[in-house]
Amino acid sequence: MDDASPPKWHLAHTTWFFETFLLKPYLPGYRAVDGHYEYLFNSYYNSVGQPFPRARRGTLSRPTVAEIYDYRRRVDEAMARLLGAELGADILQRVELGLQHEQQHQELILTDVKFAFGHNPLYPAYRDRGPAPPTTAPPAGDLGFVRYAGGRVAVGADPAAGGFCFDNEAPRHEVLLAPFALGDRLVSNAEFQEFVADGGYQQPALWLSEAWTRLGAGTLAQAPLYWRCRDGAWYEYRLDGLQPLDPGAPVSHVSFFEADAYARWRGCRLPTEQEWEHAASATTVTGNFADAGVLHPLAAVATGPAPRQLFGDLWEWTASPYVAYPGYRPLPGALGEYNGKFMSSQMVLRGGSCATPAGHVRASYRNFFYPPDKWQFSGIRLARDE
Amino acid sequence: MDDASPPKWHLAHTTWFFETFLLKPYLPGYRAVDGHYEYLFNSYYNSVGQPFPRARRGTLSRPTVAEIYDYRRRVDEAMARLLGAELGADILQRVELGLQHEQQHQELILTDVKFAFGHNPLYPAYRDRGPAPPTTAPPAGDLGFVRYAGGRVAVGADPAAGGFCFDNEAPRHEVLLAPFALGDRLVSNAEFQEFVADGGYQQPALWLSEAWTRLGAGTLAQAPLYWRCRDGAWYEYRLDGLQPLDPGAPVSHVSFFEADAYARWRGCRLPTEQEWEHAASATTVTGNFADAGVLHPLAAVATGPAPRQLFGDLWEWTASPYVAYPGYRPLPGALGEYNGKFMSSQMVLRGGSCATPAGHVRASYRNFFYPPDKWQFSGIRLARDE
Amino acid sequence: MDDASPPKWHLAHTTWFFETFLLKPYLPGYRAVDGHYEYLFNSYYNSVGQPFPRARRGTLSRPTVAEIYDYRRRVDEAMARLLGAELGADILQRVELGLQHEQQHQELILTDVKFAFGHNPLYPAYRDRGPAPPTTAPPAGDLGFVRYAGGRVAVGADPAAGGFCFDNEAPRHEVLLAPFALGDRLVSNAEFQEFVADGGYQQPALWLSEAWTRLGAGTLAQAPLYWRCRDGAWYEYRLDGLQPLDPGAPVSHVSFFEADAYARWRGCRLPTEQEWEHAASATTVTGNFADAGVLHPLAAVATGPAPRQLFGDLWEWTASPYVAYPGYRPLPGALGEYNGKFMSSQMVLRGGSCATPAGHVRASYRNFFYPPDKWQFSGIRLARDE
Amino acid sequence: MDDASPPKWHLAHTTWFFETFLLKPYLPGYRAVDGHYEYLFNSYYNSVGQPFPRARRGTLSRPTVAEIYDYRRRVDEAMARLLGAELGADILQRVELGLQHEQQHQELILTDVKFAFGHNPLYPAYRDRGPAPPTTAPPAGDLGFVRYAGGRVAVGADPAAGGFCFDNEAPRHEVLLAPFALGDRLVSNAEFQEFVADGGYQQPALWLSEAWTRLGAGTLAQAPLYWRCRDGAWYEYRLDGLQPLDPGAPVSHVSFFEADAYARWRGCRLPTEQEWEHAASATTVTGNFADAGVLHPLAAVATGPAPRQLFGDLWEWTASPYVAYPGYRPLPGALGEYNGKFMSSQMVLRGGSCATPAGHVRASYRNFFYPPDKWQFSGIRLARDE
């Protein structure tokens, strides 16, 4: 798939970021490891030059993995030299951005490996089954709703408040919300199976026109990305291999179109990103993140305050297109290409996933993908008007 | 182009609408003129059946134009019979919807004819030059800005208030607006030429990523849709033929991507649909509409209150993706496919154009097209934060 | 379909041929009717200029049919003036070529109209059922074979022998043929139905690799181009409308791939063009041509010498790729683009069809189309080694 | 590129051939190494099952190279057991076919590696420059022609004559050849540069229509596949890296279209495969093959009988479409898919190349590729009528 890249590309690209935006401009006497890497490992910074075509990344058998690890080692050493000096705030901000950027690609390595392995007939496991998650908590029951009064509420991040945020989370600003309710947990595989069994994929009234056209009147996709039917039983490819579908686990790897259609079928809708953030701001950022080592979403449990699973497990599609906040200003220079230029035709997702490094997300964090994208760890939280 | 249809298709499709949604369900004893028309002239109502492929509409040499006029005549007669009876409010609402729908296709006939003629090497004129517009008013000068305080303002239409509105304009609701300013007229051809001359189409930092990819690093489009360069001079195809480009007239037939890039180049942005509507609600709905017979946008004049040209001349791209208002409810049944199912990946345009029937639009009216679409009469109004 | 053009384009293009290759160079003082026509109605003579894109011919609503008939009238008048003078042999040869060229387009008008009408859900008839063909002759029985001894035989046309021929028929030359046999009539619909019923479209061993790939493992095509299944019964679209499939009539509108797979399934093969020509040279050029007014192939009858139907009814796919004969020389100048430049990836068909003007073909006549092409009146004659 | 596969796929596929066509049917008790390999490493034998999509071979990161070498080792061991027994002639014929098949893929590994490396901006060398070829011989001078009388000559291989041949080389049969002449060596880079400098790529009269359409009026390709222009000088990627273009070496990696256009520009044509074979039958099969370790074509030398370079250096495009010889019979069963099913739309190449294993080719050997294919070691030999 054109959107997925091999792991070694991610390793080289995150290294390239430090070399391009820190070592070259700020480390006196620094010389690029290889002049070609500028071109090969530039993902999309058009201001820096014409990137190597994304769809052909998988064809680069050179440089080898060993050469790329050597590249990383040499850049790491140079970064250590740079960090040994007294650095201005703007340089430190770039270092922070480089680290956040690398965290994003840590997640992409997992999603891209999952895509490659999940479409390989051998269904290889990326890792053996991780440590069994704690199962003492009783499973969550029927999906309920948590109500919010809405009103005039503040959303977004204030860069001046301390702590890192991306430019697209700012400025903090006020919005008006009508009363609403959020599902108290993610939609489960069993619940999504009801939609499939009801012929949800065949009912045009449930689908956005763009989806129905892409779906080819229902013929293209009939299930989440990694569901596989074998002799009448559903399985799911996970990073620990092809496993029987867990009915209680959240349905994952669905597109915005599927999330939207499912919500409509339930008589609900998806939350806006403002509604989601307003609810998430009241909770702590804990959940099933990559550091837990599970690498797939877990069934919700009945303990703890609702709504549950706001953070970790799965990125949650919202009803909000990804656009600029009022008064948005991109970063200056090439770094300004980081977020702002993607503000068309994509939808916002919130909350992080089981593949997101712990500590990377927060209530104001805005992720974004195109409506048909399914290869991210994406799931469904319902919402409704009150 | 796949999006354009021949005039006879529009004639038949609008007729089909009345036959399908009014005559068949409500006129006792009505028999369809031709069972095939159900399939041929259904544009996109998937609930009504699988539509004939849009891209192949141009290949239908049968039924002939004469047969379609006969179809219209027979449906008109049946509609007259239906309207002679006492009708309930829901039926009358459908009649109103059918008339509004036909007005929309009156505009599409003009845009589609313009596309066909404007891509024909003969550049045939659709009509002789219309009556010269009144030119006693002095031309508008440099583009200025009109400031708005923003705050808590109401937008949207209230169906209960009387007067027709589409479901996507409702419900009326309040939003918070920061202080902003709007350009006091549309951007002119001369002003857009400065962007072209400055290499605007070649600067990646000005363009959304999606546009830059489509543009193929600047190779695909280099000008508005109907601009033609002949021996170093710019011409523009209009419905009265290929004419020297009028520097004072508004730049037309630009995509959202071009409008957005131009605004960024000027250090401005596009208005949100809420900002636009707030400004437009304070003015009367007058302007250069189709009924004036000009059929191309006219240069702004210095008379009258600013901002000028909010209505008529050109649809104005806004910065707002086309999504549901809070509490939106689509119409029931197949008519619910009219607006709601298009709420992904499109952008809102406001104000009507020189091809829009007078009386069809209002301040709350929401038109929508995909970001790269250029064949509509679309233009640019600048906005900025205050 | 990109290969098909509207009738008015054919009318204009054949006129353009006379204007370009005769009037402009040879009629003193001649002025082109419209400078744009050079571009619009040039089909493929790259030496004459860049042709208008073939696939967009259907979008040209101007010039109108009336304007094109006027163009023809004016060119006809000028041709009459030219022909009133004493003309050299080379000019007369061009006139002959223009007439032959127009005959080819007379056939293409019929195939293109059939394609448009046959893919229109209304299935309009191009003409009412023609005069019933003579039916006193008893129908042909089971398909038999006629044997030929082969040996050293001459094929091709000798331009010096008198009578028109295209450059690709020359020079006349000798070839060695092994003993062979030809089917004594065309393969019938009933015989092809056996292939369909036997799952011929689903057996990879019957198909050329290129076909199987195009067929998408049997999913794309499952029948000849104009067969339609309605409630379990087969119909065929013909120029007199949608008709029940005539079992005795020759199967028509099959691709080379289908002809080749059918022959393999029967344990036979297709004839080479040399075998076909050797057999056809011994017969007179009579058959069901366009002038008979039937416009679809007729069932073979038991009277007359075998093999029957060599001329008329259907073009017969041969096993021979379309390449140059030994010593082939194209015509000089732009007219050299007529035949030679198409000598790659196409297959030769022989014998003319029910849409070919009588008198247009002969034993040495070589038609050619791409292996998947099905919109011509093409059929199957079997052959085998002896 | 879809036609190229990674080396490990070739290693596995040739192993799969022995497992599928020898071990499974003939070694008692043999159990497949991995049931998935049947699907993953089947290239095109549709009778054996649906192959894994060719274009996705490059995405298979599992099985690993180590696993595939293990697969080879286990199949090699089983083959040793099989070969230890008394085997019938049909089985030995399959062994021979498997070895010939592996030789073909040895060449493909080189062409596919060259394609990957030659499109990698790093231009990695597959191997250091090989041993310098003997250079004592004087270079060949201007291209001359060798004349042949033609007449009734025999071509093709007789399987009963001993020695291996593919089914597509049989049966041996007679053809009539007119007098002709062949270029006495391959066309050189310097000679092809003259074509480029003369604007050969921009002259429609030189090109087959299919090529001109593909070339997009000259915009797609402007040089052989591995030529690269740097600061006005031509370089060529070879398996020993990017090297200055050697003017005396044969022009390589040209398509049939380029070979045909070049020949036309020179007032010549390409030889038919029968002409080529007739000439080659009189010479010994020696030349610059893969075993010499050079891995690129060498400049012709003035010593030895002409025509030179018939074997080795480069596959020579012929004017002959790849079709069955008279009386051709494919192998029975799935092995029958080896050659016959590709007999459409491809052209025959003759003589082997610098990447072909020595001993693999002979005068009757027929290779075949599609007209636009350029990634094989393909070159140009001129011919003309006498």
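Letters A, B, C and D mark the chains as written, and numbering starts fresh at 1 in each.
The definition used in the following text is that a contact is a pair of C-beta atoms (placed from the backbone, for glycine too) under 8 Å apart; a residue touches a chain by one contact, two chains touch by 3 or more.
If you're wondering where the values come from, they're calculated on a predicted model, not measured in any experiment.
Any chain bridging chain B and chain C, meaning touching each of them, is missing here; the list is empty. Per-chain Cα centroids separate chain B from chain D by 57 Å. A separation of 35 Å divides the Cα centre of chain C from that of chain D.
Judged by the touch criterion defined above, the protein chains form a single closed ring in which each chain touches exactly two others. Chain pairs that touch, as defined above: A-B, A-D, B-C, C-D.
By the touch rule above, chain A contacts chain B in their complex via residues 44, 46-47, 50, 152, 173-176, 178, 204-205, 207-212, 217, 256-257, 260, 269, 319-321, 323-324, 326-327, 336-337, 341-345, 371, 385.
Here chain D touches chain A in the complex through residues 6, 34, 36, 39-40, 52, 56, 58-63, 116-117, 119-122, 124, going by the rule given at the top.
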